[in-house]
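Next up: some structures, all given as structure tokens.
Presented sequentially are two complexes of chain A, the first with chain B as partner and the second with chain C.
Entry: the complex of A and B
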């Protein structure tokens, strides 16, 4: 394990140096909100902040992405033939991504990069990206990442893990990709490995101890799918839901999208946009039938997908990383932590 | 426990006990500090979970649209005005709602309060008009009135305008000298500045539609942005489509908006959504002398016609 020490006085210089070979993305404040976006030339990732409102999923999966385009001008070559537009997949680095968000990228990969199907847009972006994570020293009150198989110092999905130690960072180099980024940034002061690992471990234990919320998931897998699906608690739970898309849009693992064609003048484009299972349009069939025509069915879909269907399909844990964004941002405070507990404890025999 | 909470629980359980309503809509304690969120009670026991504090920002009239059951509803001034709207617009008959009125002294602005501490608020306590907030290492005592939401600061209908019961004595209504100062400031901007002001508001919009869905006025079975046959606007992040949504939504609220602030409360990106509707509140007041939701006895100006109307375009 190689560990690099980065003096914070050298930080901005290193970031600037890395701009020569990487497009940089990171958390910045925009109109008072912390969001992940491509950094302007003079912008630096805000490393001190709390959880960003929007997760970094948009770096690989933009809310609106042009996936095909064609000219409708009959005098042009290949007119009316949809083709993938050119896009910039040169090297990019996401600086300051939190461990649970990096774990989320791994979960999303299970869907976008399978043996049968490979989403070229997501996969190309993913292949180009180096994830430079920042450990969470002070977890928020809604952080339940440990319960969801991640944690404040989790390394899954990361190429580098930075640990903030006031005047310097210790950077754990987790992959060759991570090593390449640090080297391009000029961060090359090797730290003494054993002592650094001890320091990091101490901080990790403190951060983990600060997470007091435990959400049980151990029995989700053994539940019969249809038992949970038919459980009586969905109706009351859905009553207060206003069916907006907030939870799905702030979620780092929600990957559903909708396809739209837009034509203007002599050109036409096909876009994909984030979709949300809360929308009455979600899964509305061309026939007019909608298998999830009622609000309760849509609310159930979100939680069943995250906490049951995904689990059953991939056997890789839940499709929730415990970042707490939906808990915090839901206008009516629908709390996935309590829903998960309810699902985990549900026994149809108790209801009869 | 404050008296409002005590009375809300008592009145609600009596109603449920006597079978006068099928359910009561109120606020329950959420899982976070400063989250008092909508909840329902179908039994007197469940009604013991109701609370009242200065975080009951959402508008419960949002939940009564086209409901078939007999509903008891906790209503502060603005909620009661939206219930009047609902009755006027035939979304629920008057005798299907039992209105438990709450004379209100305003709800606090959670974002301004959050910004006071360096870290998260772990505890929020309210004693009368004083608020105590506590973070990891900090504590602040606040005068509630100084931290009211912008719409509550200028509210002149704190008392329910319609009710079947009250949880406390009526409160004194505020006299506001210049209630539309905020709108006047935007009106005074030059074209480009004004354009930039609204562009700035929308720069972070993620089109989650929380503003629309939290709004009691937005009850269309299919919103124009969701219509797909035909489709009226693009569904992506093109700024034109984002603007279209917000502008059109605001116009749909003209002469109906009670300025309850639910849109801003719901917005995850803290967009000042009211900046879109406030001008219409002002116009409907200045042009028609109309404040929505105050009475069941007069039809709203935008759905009435008078032969003696002074405007030429209508003749």
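Entry: the complex of A and C
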């Protein structure tokens, strides 16, 4: 394990140097809120911030993305033939991504990179990206990432893990891709490995101890899917939901999308946009029939997908990384932690 | 397919009004690039996304059989934005097709078996493909008895009427045509709902007999108990499902029924498989 020491006095110079070979993305304040976006050439990632309002999923999966385009002008060659527009997939680095969000990228990859089909937009962006993570020294009150198989110092999905030590970072080099980024940034001061690992471990234990919420997931797998689906608690759990879809937009693992065409003059573009299973339109048939026309069905869909369908399908844990964004942002305080506990504890025999 | 979102360019080669009320039309498409037809190699029961640039895409079952070469056919009901636009398009217009998507009817399992096809209304498209496929001289010997029960509201609402009446005359397939009602005094086929005709005319179950059922929800609802009464087991009843979908490749998340995706794990499921899902379709 190679560990690099980065003096914070060298930080901005290194970031600037890495701009020569990478497009940079990071957390910045936009309209008063912390979001991940491509950094302007004078902007630096705001490393001190707390959990970003929006997850970094947009770096690989923009909220709106042009996927195809065509001319509708019959005098043009290839009119009405849709082609992928040129896009920049040169090297990019996401600076300051949190460990749970990096784990989310790994989960989303299961959807977009499969044995049968490869989503070229997501996969090309993913392949171009180096993930430079930042360990969470002070977990938020809603962080339950440990329960979901991640944690404040989790390394899954990261190429580099930065640990903030006041006047410097220790950078754990996790992959060759990570090493290449640090080298391009000019961060090359090797730290003494054993001592650094001890320091990092101490900080990790402190951060993990600060997360007091434990959400049990151990019995989700053994539950029968139809038992959970038919459980009597969904009506109650969904009662306050207003189907706003906020939970799905802030979620780092929600990947559902819609495809829409937009035409201006004689040229048309096909876009994909984030969609939300909380909307009745999501499942509305052309005939008017709607298999999830009721709110309760949609709320159940979201939690069953994250905590049961995904688990059964991939055997890679839940489709939740415990970032706590949906808990924090839900306008009616629907809490995935308690819903997960309820599902985990459910026994159809208890319902007489 | 390098980019599963990029349609193969096609030209509309022919448009046929499929029902008397003109709500369904059959479109015949020819691929602009010959190689794309090879890339589009499919089996009966699969579907494709018909892609109209500037308007959008619709998932439609493939109505032509893989044994019919040089074109692909789709019969489309006019119902939403894309299908309405398509109904106004003309022969010669350029558009796109993505696919083929989904699984197909279980042809490997059906080999050597008796096949009973039960269809209603305009859900007869992939069943037409299946019948053409099985009746192909190269394939007919691979199957035992073939029975078809197909019904529509009225004679004019039956799809593929000429073919249907032709099959009815043959002795290598038993075709039972029915309508809910008709005022045609010369109507020489059945009158009655599909489930009732199934009960009267469909062969009883044997371990080597499979039923493929495709139709509106109400037909499926009342056909299922009839088949069970005839002795068909849950693994012998095969259905093709529909759900709203966008991508066709299992990624956009729209068409799930529990952990199954209609576009990728389906659209064809056995009743046994369907009964293991939350049945959100």
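Here, the second predicted complex is superposed on the first by the 352 of 352 C-alpha atoms of A that agree within 3 Å, B and C clash if a C-alpha of one lies under 4 Å from a C-alpha of the other, contacts with A are read in each partner's own complex, and residues count from 1 in each chain.
Simple rule for what comes next: a contact is a pair of C-beta atoms (placed from the backbone, for glycine too) under 8 Å apart; a residue touches a chain by one contact, two chains touch by 3 or more.
Given the structure is predicted, the values throughout are model-derived calculations rather than measurements.
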{"item": "Simultaneous placement of chain C and chain B on chain A, clash or fit", "value": "fit"}
{"item": "Touching partner for A:284 - first (chain B), second (chain C), both, neither", "value": "both"}
{"item": "Partner chain in contact with A:190 - chain B first, chain C second, else both or neither", "value": "neither"}
{"item": "Contacts of A:206 with chain B and chain C, given as first, second, both or neither", "value": "neither"}
{"item": "Where the C-alpha centre of chain A sits as vertex, the angle toward chain B and chain C in the overlay (nearest 10 degrees)", "value": "90"}
{"item": "First, second, both or neither for A:309, with chain B first and chain C second", "value": "second"}
{"item": "A:260 touches, of chain B and chain C: first, second, both or neither?", "value": "both"}
{"item": "Chain B versus chain C as contact partner of A:33, first or second or both or neither", "value": "first"}
{"item": "Shortest span in Å between Cα atoms of chain B and of chain C, once chain A is used as the common reference", "value": "6"}
{"item": "Common interface residues of chain A - those touching chain B in one complex and chain C in the other", "value": "258, 260, 284"}
{"item": "Complex contacts: residues of chain B adjacent to chain A", "value": "30-32, 35, 37-40, 58, 62-63, 119-120, 122, 200-201, 203-204, 206-210, 212-214, 222, 226, 228, 234-238, 265-266, 268-270"}
{"item": "In the complex with chain C, residue positions of chain A that touch it", "value": "67-68, 70, 72, 79-84, 111-112, 114, 116-120, 225-226, 229, 255-261, 263, 268, 270, 272, 275, 277, 282-287, 289, 291-292, 297, 301, 304-305, 308-310, 312-313"}
{"item": "Footprint of chain B on chain A - complex, ascending", "value": "30-33, 35, 50, 53-54, 63-64, 138, 140-142, 236, 239-240, 242-246, 249-250, 258, 260, 262, 271, 273, 276, 279-281, 284, 327-329, 331-333, 335, 337-338"}
{"item": "Chain A partner contacts - residues on chain C that touch it in the complex", "value": "1-7, 9, 32, 51, 53-58, 77, 79-80, 83, 93-96, 217, 242-244, 246-247, 249-254, 256-259, 264, 276, 278, 280-281"}
